[in-house]
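Down below is the structure, laid out as structure tokens.
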């Protein structure tokens, strides 16, 4: 592991966007046969670096070389041809094409100049087998869950047999077993001499896999370190620029919630045709309920049903003991329920609109058409959110689509807290969120509970789920299979329930 | 099991069959092979244009210039033939002009990030304008090849006739099906319609594909212009006004989503045939005056698109995706 | 400091610079081919002048472009506006000829017809989820048929001073259509800015699904913008009908939807939905009308009309394209260097 | 309409009529005149509106052939392009009568007869009248019909042919106003702004609608149409007679909408085995203000 020859090297790379210097004189180097973690806070410039490297953005300065030859790709295609294969952050591939087409787009096997569908599907099945994925590759990708889509995207990247494989937050929507599969594959690739660039916010994964770490902060390179020689607190300090005090996982704050009172939100043997079956749960004010399960177990569907996106075919929903009929998000919001959706790009942000407008949107919708929020109030709201949540943006007028992924998530959280709901549904709230923000969100969950809000939270990270939940409900195949309460909540217990 | 994504095409085909049977029950001479084959002859140029439009719409774009390209091609063809140019020179020339024009629009759309609707609208004005400049008057074509081709074809019993136009349509259709489903270009078209940004990040050659799509559409429109010049033995600057809307309607009735990414070339053919059948039905009826004709066509389109909304629920249809 | 530099940069920030430059250039051409055109004269308390002519003639497109902007901002499009003009005109003309209703009621009836048409479009789009181009294509075809049905295919002419005022009257020296455009523009600005409609429209256009999640009444918003577009089109139809004191169901507003869409886009609004500007849509309408006027004044044979129009459109669009601007800048740099 | 030929096919004549569309009031009058004529004669008229598209017309004619009608009447959108479909009609033994506009056909066996007016002659008539009225000294502004329309091109040709003989007559401004009243008004307004109205001697409009639009524009500009500026146009729709009676316009050349009668006469004669002339001319007269009031009464009464 001391091959000093570098496979990929970037010198003094610079990239500016109007109002932001996203990359400022960044040096970066990847050796053959290493997994190089690229870390930093939300908005640090990781994705931008990758996009500059792969020709998506033209760079404003600096040099790049790959295997000794200068690299100056004008498009993703050129980067690929040069030997860089990339899985971008939040690219959902093409939902309208089949899984096989997505996997082999641009590399379709042909016979007599015509696409050989049979061989293509066979090849696709073969590729996915490595990921222990056995799905119908002829069906459109959009029919599968986000996790499967992400696995397909990774498979596509790995399958290209490049010199460098770049993965921008590939594990954000994967659960533990899938992450393990992926890591096995990456280790194989490392042995084969590939350079892997790996972006993630899961520090466990960093330590489990990577050989070296490069940390970016505010577009600047802080340094490159041997993973083995960088203790975790030090790493976090490099990323944040300050020390992180005490993690939020204190079971102490898990107060006992008085039973018998009417629950703030209650679901009683609720069924949705084609979706969840016989789900019952009750969230008291001041309580956080965790929804656990493998991907596709129906956690998102429970949230959808509670938020009026799907209508119940049987069963009922109660708010403070009274039956309520929720048929639309509007109706849910009117009853004090809010949902932070899982798919941030499709259902969360309104990309063209400014940060300020995005934050004000739900509150405005609740107030109705005739009572517009005065400009001053909106501005104050946005300023407060930007400071409270540490949203990295030059000003509140910036279109939210230009923010980094993690910061977009914070904007959406701010949007919902602006309406001060009684019940908050958080579907994967920490996905793609950096350590600093991660801790803030966990702290926020505690705070909100203390303020008497009822929370229902799904998360694929058992550690955090265990940390904040007063009660964990485990789902499998759209059904509730276990409920774990109080002191019984441990990672092991949850894992066992899932696996049973 | 029928995949849900094929449903719109099948619905349209079902509507076609229903209308055909209705007409056959109502009018003598309607339910014949002859009327059916006439649909191919009479709508060949529209179908060829609509096939090109299908690629554009699949990619998430739109092409408003096709009607004007047909007119321009027709006029230019007629003028050149009357000026004594040989056909083997005229046809390739106008096809190349058509393709180049489309490629030019594609360049504006891709490199200058201009919106297809507007670029092709300007293209429509330009082509229509150039057609008028070439000749304001309609120009008759007197050529033995034209007479021969118009007479050529296969006569079937019952005075049903497979014309050269219909044969040309089948050839274009076959080519388009291969291009859409068996060539990389077709996959790229679907990819761009599915999500242009993802397509770019998945190394789809967006520039080449965009330019190719509009070049193809204009090329096919130019071909349709030549077919139209055979159909009418003439070229006229005001021909095919508003044909782009017919083509778009046919593509949509054929089940292709205007937002791109979903649909089939074969659906477009069914859409064109259905619209042609509506016209035939109205002509056989013969009692609708001008305004009722418009109202009836509008209402029929309304019924068709509403019926298409009735689909197999997607979730149930895709319920077995899990491992 | 509010020097010319800062004015330019303000205009640029609002996307207003290039449309205004284009308008200025076309006016320059008009001045060159006909120096007297822009001269103002006052006669019988009425102001005459080229600018007013252009504004007056451009009024129907401008009115429609205002409604169209909102529809386009939600990611939709309305092709039926020309047919709605015809229906509104036919309704008004038939009421004038066939009844003794006072002019204001007749105007209300015409607007009511437009509102009904807009609600039909809106229902198809928002209620049934039909794609906007197709949904409004239906009324584009059938609507003119309805208008012809009302008129029995003829031009219904009438004598009605009060109603004709909408098209040819003057108020404080300016033609009525100009006032109507200013009034509708002001009213719509007020409605979109003083209520949440403006924000909702942009949100729906930029991401309908996220807006739905945020509790925005997406369907109601869509229904509303099509209704507004219908009203604007009806008003334009009444202006055009009053202008010639006759309802020409066959020809009124023929292809005007294309001009209106063009006006909106020239004004910088994207057809993908999201951000929009009503004021710039009106500027876009003025650009188109100025172009038409310039062509007439130039004395170039009519057969070149379309070629010129397309060339100017492409030029204006290129002027606005950031890519072309960057290319121009680098060319300039190379020349000066 | 149910089955078209239930036994009684032989005694009732079925005629297919393919009309251009309904783009103007004149066109509608024409359609209604043909339909009324057919009703009077007990003819089963299959009407088809082509919405200004030749391809629709060809489709309709082919449908008529497939339906086996006894005869076909076509009012063509455009002169050219009819040979293939007429050949087909001939093969099927169905006689075709061309009405209104001409068709450019070398082989006159393809049709039974033409009931036609002559657009060039209409232009000439308008030109001659204007030259007589002004003694050949006149600065004319022209409102053209739709660019590319035969009626526009031919009327312009005829008119220009006449004024070419008068050195002092000149067309000073010309622009298309698309055969519509609204555009006629708009273009006239611009003309009046572009030049001194006192320098304009006459307006020559390719149809009445545009002339009526121009009249409104002139009135609004404080000009007395018909006196300050002469107005001459073509078509002779009822509205123009009213305008002439009011002294707002000066002359119009008639384009008769009554072409159905002669067409059906020819078809019936042919089916009786009689021979038919290849051209039935229905050239209209030029009307002036003298008879306008009377004509208006006559035309609106029926």
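Should a chain be cited, it is by its letter among A, B, C and D, assigned in written order, with residues numbered from 1 in that chain.
Rule of thumb we're sticking to: a contact is a pair of C-beta atoms (placed from the backbone, for glycine too) under 8 Å apart; a residue touches a chain by one contact, two chains touch by 3 or more.
All values derive from a computational prediction rather than experimental measurement.
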item: Most remote chain, CA-based centroid, reference being chain A; value: D
item: Higher-contact pair (C-beta pairs counted), B-C versus A-B; value: B-C
item: Separation of chain C from chain D, taking each centre as the mean of its C-alpha atoms, in whole Å; value: 33
item: Centre distance in Å when chain A and chain B are each reduced to the mean of their C-alpha atoms; value: 43
item: Chain A and chain D, separation of their C-alpha mean positions in angstrom; value: 70
item: Junction residues of chain A, two or more chains touched; value: none
item: Residues within chain B bordering two or more other chains; value: 132, 136, 289-291, 293-294
item: Per-residue multi-chain contacts in chain D, two or more chains; value: 22, 28, 31, 147-148
item: Pairwise touch network: line, ring, star, complete, or other; value: other
item: Pairs of chains satisfying the touch condition; value: A-B, A-C, B-C, B-D, C-D
item: Contact set on chain D toward chain B in their complex; value: 1-5, 16, 19, 21-22, 28, 31, 35, 45-49, 51-56, 58-60, 62-64, 66-68, 78-84, 87, 92, 104, 106, 146-150, 153
item: Residues of chain B that touch chain C when the two form their complex; value: 108, 111-115, 117-119, 121-126, 128-130, 132-133, 136, 245, 248-249, 252, 257-259, 289-295, 297-299, 301-302, 305-306, 309
item: Contact set on chain C toward chain A in their complex; value: 193-197, 199-200, 202-203, 205-207, 209-217, 274-275
item: Residues on chain B engaged by chain D in the complex (per definition of touch); value: 26-30, 32, 34-35, 38, 41-43, 45-46, 132, 136-140, 142, 150, 159, 228, 230-243, 276, 279-280, 282-291, 293-294
item: Chain C - residues contacting chain B, complex; value: 79, 124, 128-131, 133-135, 137-149, 153, 258, 261-262, 265, 270-272, 303-311, 313-314, 317-318, 321-324
